[in-house]
Every structure is written in C-alpha cells, then in structure tokens.
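When the chains are written out, they are named A, B, C, D and E in that same order, and each has its own residue count from 1.
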C-alpha cells in the first residue's frame, strides 16, 4: 500500500482469482460520471461499499498540448495554456510568461507586475471558491454552496472580461508584461469586490464550517501524511494541508510577491477537512495581498520592450508559479528558432492525483468521491 | 358472506402446506428451504385465523393472538436462520444442503 | 460541544436569508445574479447599449472579423484592410484560418484575399490573429449569437460575412478602435514623415549624385547610377 | 358474491406465489413470489376480519422478512440470485410423494365426508354472526391489546425475551470474525 | 358488486387525483424554492404552445416535463430482468397511493349530514400505513436489482438498509402519539387534537423531530438521499430508468412524501384542525394541505442546505441516536401522560430529552469538530 510498492512490482500483472477477490464488486466510475470532474475514470474494486483497490484512468481529454506547442511559435501557445486548468487561466499564463521571460531577458514594467499579482490572486479566489463549491457538491449538497461560489466567481469573471475580453480563457499575459492595460475604473471595481469579499467568506463559513455533516464526512477521511505528500511530489494547498510549509510565493518570491505581507495557513491532520479549510483560509490571505497590491499599484506602461518576433537563443529554462492547485511549471528548451525545441508542463493536478489510491483504500465509495473532490483536479490539466 | 365455509380455508391451507413441504424436501438451497418453512408457518396461521373466525368463541381472540405469536416467532426464526446461513456460507462458501455434510471443514 | 445539529441550523439560517433576500434584490446584483438570456428579437445585434442585460463589455471578444474602411453601402472589398499576407493563417494556434490570395487577370498579386474563411468550430477566440496582424485588418467581434442550423457551410464563416466596417468596430469596441485608429494615424504620419524624409534624402542624394556626377562627368564620363541611392530604412 | 370472487383470486395468487417461490431457480424471483404469497395471505386475513393480523403480516413479512431474505441472498449467492444447481435432491421422488400425501390426508376427510362435515361440532358453516358484528363495530385492536396485556402478558414478555435473544444470537452468529475483515484489507 | 366498486372509486379517486395534481405543483415549487435559495431564478420561460407567450413563471414546466417523459424512449438495459424492471415503478407508486387513502384527509365535499368523508377510515390505519409503506422498500430493491447495473444495485441495497433502519424510529415516535390517544385510528388521533396539538407537548415535539428526520430517510430526501446520491452512484436505483417509468418513480416518490408528511400532520399537527373549521368544514382539507406544504417547504429548505451523510454514519445515526432517543421519549411520554401537570412535565421532559440528545450527540461526534489552524509567515 505504500508508495514504495510499485517499484518492487514486476512489470507484468498476475491475474489471480483468489477467494478474497471473488466477492468484490468492480465498479467503473466514469468517464461519464457526475462526480469525476470531467472525463476521468476510477476503476474501483469494492468490498461491500469499501474501496479495496482503485485505479485512476485518465487521458480521455488528451489534446497533445505539449507536442502542439513545439510546432508553433512561443506566443501561439499562450492561449493554449489557458486551457490547461481552465479555472485559472491567468495563473497558467503567468507561469508560461515567467518561463519565456527567462529565455529572453525582458524587464516587466512595475504596473504589469502589480496587475499580474492582482490577476493571479483573483484567479486564486475564483479557483478556491469554485473548488469549495464543487467539493460540497461531491458531498451531496445540492449545488447551493456551488452556486454561492459561482455568484462570487461571476463577479470576478466580469472583472476578467472587462480587462481581457474573455471570462475564462483570458490570454492576458504576454512576454514582458500584459496584453493591454486594464480599463478605466477597473481598479476601483476590483477594490469594491475585494472589500465585499470577506462578507461572502463569512457567509460561506457560517454555512459550511460548522455543519456537523460536513465535519463528519470530511474529518479523518483521506489522511495524507506530510512525509507521504513530499514523497509523492504533492504541492499546493494539498501539501500545506498536510502541514508542510511550502508556498512558491514565499519560496521563490517570483514576480513581486516579496513586497506583500501574507501568511501561509498550514493544516495538521492532512484530511479532507484540512484541505477544504486551507483553501478557505488561503482566500483570506489572498484578499490581504489584493488589498496591498491595489493600494500600491503605480501608473505606467504594462508592456516592456519585448521583441516583436520572439526568437530566443538556445537555452533551457524552468518557470514555475504557485497556481491555486499547486506548483505549475513550464520547462522550455529553446534551440534558437521561433519555436521551442521542448515544451513541458508540470501540472499540479496530475501529480496531486497520484496519491488517490493511497488515500481512498479502506474508505467507502462515497469517501472516494469526496477525496477526489478535495484533491482538486481539472482534467484539462491532468490530461493536457 | 354467503357460502364461504371453513373448508375453503382449510383446503387452501392444506395445499399451501403441501407446497411448503415440497420445497423443504426437494430443494437443495438453504434459502429456499427457509422460504418453504415460511410458507408452512403461514399455512398454519391461516388455519388459526380460520378456526377462530368460524369457531364458537370469537370474543376470546385466541386465533389472532396465536397468529401474532406465530408471526413473531417466525420472524425470530428467520433472523436466526438467515444469520446461520450467512455464517455457513462464510465458512463453507456454499449454501447447498447436500454439500454441507460435515460439521467442520477439513 | 454544541448540540448535534446546531451547525446545520446555522446553515439553514444562511440559506433562508438568501431565499428571502432574493425576492428583494431588485437590481439583481447581490442575491439574484442570474443573467437571463438576451433574446435576439429584443435588440439588434450591433446595438450594444440596448443589450444591457448581457455581460458583453467593450473589450469582449468572441470571433474575429475583417475590417474595411468603407462607409454605408460602398463595396467593402474596395477598402478592405487585409492584404492577404497570411501571417494570421500561420500564427493561428488552432489553425482555423484559410486564406487564398487574389490575382488579377495578369496573374499579378493584388494584395487582397479572394478567400478568407474562418472555421467557427475550431476558432478559440484567442485574439492571436489580431495581435500578429501588422495591418490592423482583423479584430475581434463581440457578437455572441453564432449558432446556426447548417453544420457544414454554416460553421465556416466566409470572407463576406466576416467583413465589417470600421464604424461597426467603433460601435462595439470604441476605446480599442479609437486607440487603433490613433495608432494607425500616428504610424501613417510617421511613415509619411519618414517617407518625406526619405524622399527628401533621396532627392538630396540624387541632387548630390547629380552634382557629383556632373563633377565626375567633367572628370570621367562613366558612372554607376545605382550606388548612391541607398536610403535609410 | 364479492367475497367469493375475492377469496378465489386471493387463494389462486397465494398458491401461485407459493409454488413459484419453491420452484424458481432465481432466488430473487423466489423472494418476490414469496412476498406475493404473503400479500395474498394478508388479504385472506382481512377477509377473515382479522385486520390487525393482516397489517402485522404486511409489516413483518413483507417489510422485514422479505428484506432479510433479500439481504441474505445478496450476501451469499451471486448478486444475480441465480441458483445454478440442480433443482432437486437425490430423494426428490420421496419428497414429492410426501408433499402430496400430507395435504391429501388432510383434505381427504373433508372431501369424503362432505355430507357429515356440517355435523362436525366445531365447524360452523355460516361463520359466526356475533363475530361479524363485533369486528365491524367494536375495536378489535383495542380488544386485542387488552387481551395481550392482561391474559397473555406472560407469553408476551417471554416472546419479547425470545426476540431479544434471537436478535443477539443472529448478530453473534452472523458477525464476521475480525481476522477475516483485516485479512481482506491487506491482500499480499 | 358494481355499487361497491363505484363507492370505493368515488371515495379514493378524488384523493388520488388531488395529490397527483399537487405533485406537479410541488415539483415546480421545489425547483422555484431551491432556485431562490441558490440565488437563481428557476424555471420561468415556458412557451405556451403555438403562441409567442413565454413568461409563464415556469408554471407549465411540470406539463412540459411530463410530456417529455411520455414521449421519451423507454430503455431497458440488456440483460435486465424485463418483468421486474417494469413492475418496480408500479410497485413504487401503488403503495404511496394506497396510504394516501388512509390519511384523515377530508374530501373537499361534504355529504348531506355535513360529516367529514374519508377515503378509508380504518381502525388500525396507522399500523397499516407503516405496513404498506414498507412495500416501497421492495420496489426500490426491485428496481435496483432488475436493472442489472452496479450503481442501481448499490443504490437499491443502500435504500433497503436505510429504509428498514429508519422505520424503527419512525414507528417508535409515532407510538408515542398512539399511546397518548389510545387508538390506531387516524380519525381518533385527529379528534384527540382538536384543542391541543401534540406538537405543543415536550414529548410530542421530540417525537416530531425524530419522526421528521426518519421520514426524510424513509422518502430518500436530503440529507439522507444516499440511494440516489448523484455524486456517488449516479441516480442510484433508478439509474437505468427513463421515460414514463422514471416518471412513475418520480410520482411515487412525491406521493410518499405527501403521505408521510400527511401522517406527520395527522400525528402531531392536528390533521385538518385549525381556525374556522367548525364553521366551514371544507376548510379542513385546506388546513391539512397547508400543513403538508409547510413541512414540504422545510424539506426543500433542508435539501438546499445540507450535504449528505455516509452510509455508516447514516446507520449509526439511526441506531445510536434516533432509536435510543425515541425509546427514551416513549418513557418520557408515559411519565408525562401519567403526571398530567404541564408546569412540571414541560421543563422536566424538555430537560431529560435535551440532556439525552446532548449526550448522544457527544457519542456521535467523536474526535470531530471545528479546528484552529496555524500560519507560517
């Protein structure tokens, strides 16, 4: 059951029909299943309702993202990064821009830096609110928390549309800055939103955090120890819920994150409730960052002197950001042409998903759904 | 209430008894044997009620009381019987009466 | 430790509050955020202010369109900005643009597309074509009602359907259009200035050359006329 | 008239249900047939003016015993409920003979001595009019409760004890040993 | 014989028709209330056929849904048990209709002597009610088993386990009222509450809470909607049902909600009793329905608020919380009925029940509770 077991296992599988297996019920959850967050399949073996084995099967949404990107110019893959994790296109944009900016030394103007932080943190709010909603949906709350979350998400998406022209597929970041400045009055509207957001969080906490059913359903379910999380390469809120203090905004301090004061909430138990609460608490910290960024943002250009044709010299870079789901990295090898020689994404969703079986075995099938929900995957990013 | 007599019920009850016996004697599955025993119980209950209904002391309510007790005992019997079936199945991996010929698996 | 169920009652208070307040949320901003569909019959497509129900803003993008500078009922092809350079076709991430150049009777390229198709089922509204276009010929439309009944021809939007006037562009995206027009005017002015400067330089150079030639001709009659005409780019 | 029609329908359903229950290979079908039999019997109880017993019959047999049987089938046989074994045992002939003989012996006197049946002291062919009046007017439930709590209170308590013992016994017998459960969780 | 049949039909058909038409209204109501709870608008545009008029507040939605259900293809999975697959929705609907007739629902027309008419005024109505509703369990199992689908089977098994477990607290809490009245007849229970509803007694209140929670589980409503838990087992036992069979299930489910809430109204809210009923007997059915809809609003409200429990928690809740509490409530009620001193029984009963509920809830929530979190700078 431990993470070391697959290494020792032989490359082939012995089919055994022993008596312990005979009474098991094999259920294929997905790819068309209401709770798999997209086209994802869990081959579950059940003893009664207890999960004995679970095999995640994915790839139904594979779009050849990496190979496609190697066949087109650097800029052209920017809109495709939106579609990786379609809840946080801004964070994906940033990670890719960060990697590309390492290839060609382009200074990012001050205002663009601030706007990037604002966009990334708004994205985090979007992601975490909707995650909590979907998580509760998996728990069986008939969409009410989800729709409250979407109510707030709509407001943020309105802001995104006003700034970038699109609600979800923003395609807003460029190498060396942003595609365009935010429209007049946008910052004030954002300030109003940020000012009103804690009220919504209070409402949400009142609705969810003390609900006995949620407590009973999520506490001590799907416990992930810190050591196991580190071994499996888990990042993001899921890692922090297991008590490991690792936040790229603090570790790398990319962009201008070193200018803001914020805290990193840490869980202790590493169960589903911690994963859910860490996200609730992170939203409050994001609001702090947003307040500071909106207070300090200067006037000025938003685009540096990027070359019109992006043609970096041969190099190898890795750019990463703390996307709401974890460490999102882009690894690029440039060979001196306008196209990358190698383009590789480190998707947090996929790597966080690797511990799914370890978390689920021994719990009931209802818990498996909840655990999957608490991992927070987006199939666009898992399958790419 | 014209011409339904006690015989009607008694014959029906006898037929049901026969069916129950048939199940008990000829089926090999423990669960079906339990079904049959339930049929036997019910045939008896029908008799209790019928005799009470056509008897000369309906105020004493002997029939319903007896039937109620029989139902309660039958329920207990089914619960214990089925628990035994499960225990047997867990041990021998079968509920076939013919294969359950040892007290303890070798 | 509280009584079992107190957390649920708290949650029920929240939902009841939302239930009641949704009936008093006249401006549909706080407790009734649903935007109802802006029915097509209610307002013409290009009258954005009339469609206030939508979230369409002056930056919204949905599908590209080709710009022309014609007014009213002029032939749009006369003033189409696109020169069929095919940069957008090359750069389009999902490869949904197809362009064919127009040639006149003599087989000379007339700098216009004869075919300009965009496959609406492939386009992902990313705006890369707009950004790479050096001629400001393709911009994004914010029209959202693009569904139709024809699976094959209906999903392939042809050149004539893509052509929209600059006035329309000004109506749907005023700031962006103004900015673009200003920049074009500026660039044009710069270009003209440059051209003028270049012309002047050329003239000057020609004069100088002529002078030199005259001087040289006095000394040496043979001359290479191409050499001194190099102009600054 | 209506009573007779009802009686024949109900007894046909009961016999059919019982026959299906003992003869179907598919155990789940068998249970449903058995439940049909229980329901028909409950209808017969109503006809005999024992409505309380009829309600108890529905509640206990259909609501509880049927469910228990279904659960057992799900737990022991394959979930399809198919009983793939040979239907009979070696002594099926003797079993059949016995099953026919016993009711025949029971029925025979009634058929043979049809004329003398009316003379039998217990059998009252026309039903008891006193009961018919009583049952429709007075509250049999109340009377039944009174009798149960006064005359039969000791048997009732014994019955309660029996049910408790059966409950505990069933749980004790059916409860899986801990070893099994933990052994299943860690295969290899 | 024909007369008898007509008589039976004349008494039962109105009940079935009234509740079946209320079913359509209730689906609309549920969607509207849920939508408003979730800050949505809910169904509001249904075209009246052949016209351009579409702002009907969605009231035609049930009709449109029903029509859609009727014309939909009826799909029976390959390998399913066709007969039982067909029988299950019927078996789900019929008991629900039957128990509706047992309710002391005064038909809205009075006979010559201005007496209230009931479809079936039986001596042991409450007992029969529980008996017949237990058939519903079988329908659910039948549907789950006959579909030959693993999700259906899981849903069916869940439903059976759940309904059987929750029947015990349901019956035990109803037994309190039966004990107080001394009759199983619904009419007598209502008559006993003509002045004082049982909900206004401490044991009645506690019994109502238990009854209400157990009735949620009996009818598979949130938070006990595990048999049809969408996020886990798709639609549970009716995963493989479509078209009209699905509609029958749906109808049966709502009718059993009416039935069980009707019983709750009968047992605790005085049935059709209410102001002005003495003067206008026809008001009694209005009161009855109004009380049912009050309870249905609470059910919908709950559905819009809470997530669902897990199977083991569900079982534990029934056996370790509701059942001891309902047994204790039985004792409390017995004492209270014997003492007959409201000033003494009220605080005493309330205290005992509260303490019991508190203690049991402590048992339920071991190592579970809100947490505090640390922050890293």
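We take it that a residue touches a chain if its C-beta (ideal position, glycine included) is under 8 Å from a C-beta of that chain, and two chains touch if they have at least 3 such contacts.
Just so you know, these numbers come straight off a predicted model, no measurement behind them.
Novice: If we look at chain B and chain D, which chains touch each of them?
Specialist: Both-contact set = empty.
Novice: Taking each chain's centre as the mean of its CA atoms, which one is farthest from the centre of chain B?
Specialist: Chain C.
Novice: Which one chain sits nearest the middle, judging by mean Cα positions?
Specialist: E
Novice: Could you tell me the distance, in whole angstrom, between the mean C-alpha positions of chain B and chain E?
Specialist: So the centre of chain B lies 34 Å away from the centre of chain E.
Novice: Could you work out how far the Cα centre of chain D sits from that of chain E, in whole Å?
Specialist: Centre-to-centre distance between chain D and chain E: 29 Å.
Novice: Taking each chain's centre as the mean position of its Cα atoms, how many Å separate chain A from chain D?
Specialist: Roughly 60 Å separates the two chain centres.
Novice: List, in ascending order, every residue of chain C touching at least 2 other chains.
Specialist: 4-5, 8, 11, 14-15, 18, 33
Novice: Enumerate the residues of chain A that touch no fewer than two other chains.
Specialist: 25, 144, 148, 151, 207, 210-215, in rising order.
Novice: Quick check: what residues of chain E touch more than one other chain, meaning two or more?
Specialist: Counting only residues that touch two or more other chains, chain E contributes 37-40, 304-306, 364-365, 369.
Novice: Once bound in the complex, which stretches of chain D touch chain E?
Specialist: It comes out as residues 1-2, 5, 28-29, 32, 35, 51-52, 55-59, 62-64, 66-67, 70-71, 74, 79-81, 139-142.
Novice: Taking the complex as given, what residues does chain A use to touch chain C?
Specialist: Residues in contact with chain C: 72-73, 75-80, 82-83, 144, 148, 151, 154-155, 158, 161-167, 169, 171, 179, 183, 203, 206-208, 210-215.
Novice: Which residues of chain A touch chain E once you look at their complex with the stated criterion?
Specialist: Touching chain E from chain A are residues 25-27, 33-35, 49, 136-144, 147-148, 151, 207, 209-217, 219-220, 245, 247, 250, 263-269, 273-274, 277-278, 281, 364-367, 369.
Novice: Going by the contact rule set out above, which residues of chain C touch chain E in the complex?
Specialist: Answer in residue numbers: 1, 3-5, 8, 11-12, 14-16, 18-19, 22-23, 31-34, 36.
Novice: Where on chain E does chain C make contact in their complex?
Specialist: 33, 36-41, 301-302, 304-306, 321, 354, 357-358, 360-362, 364-365, 369
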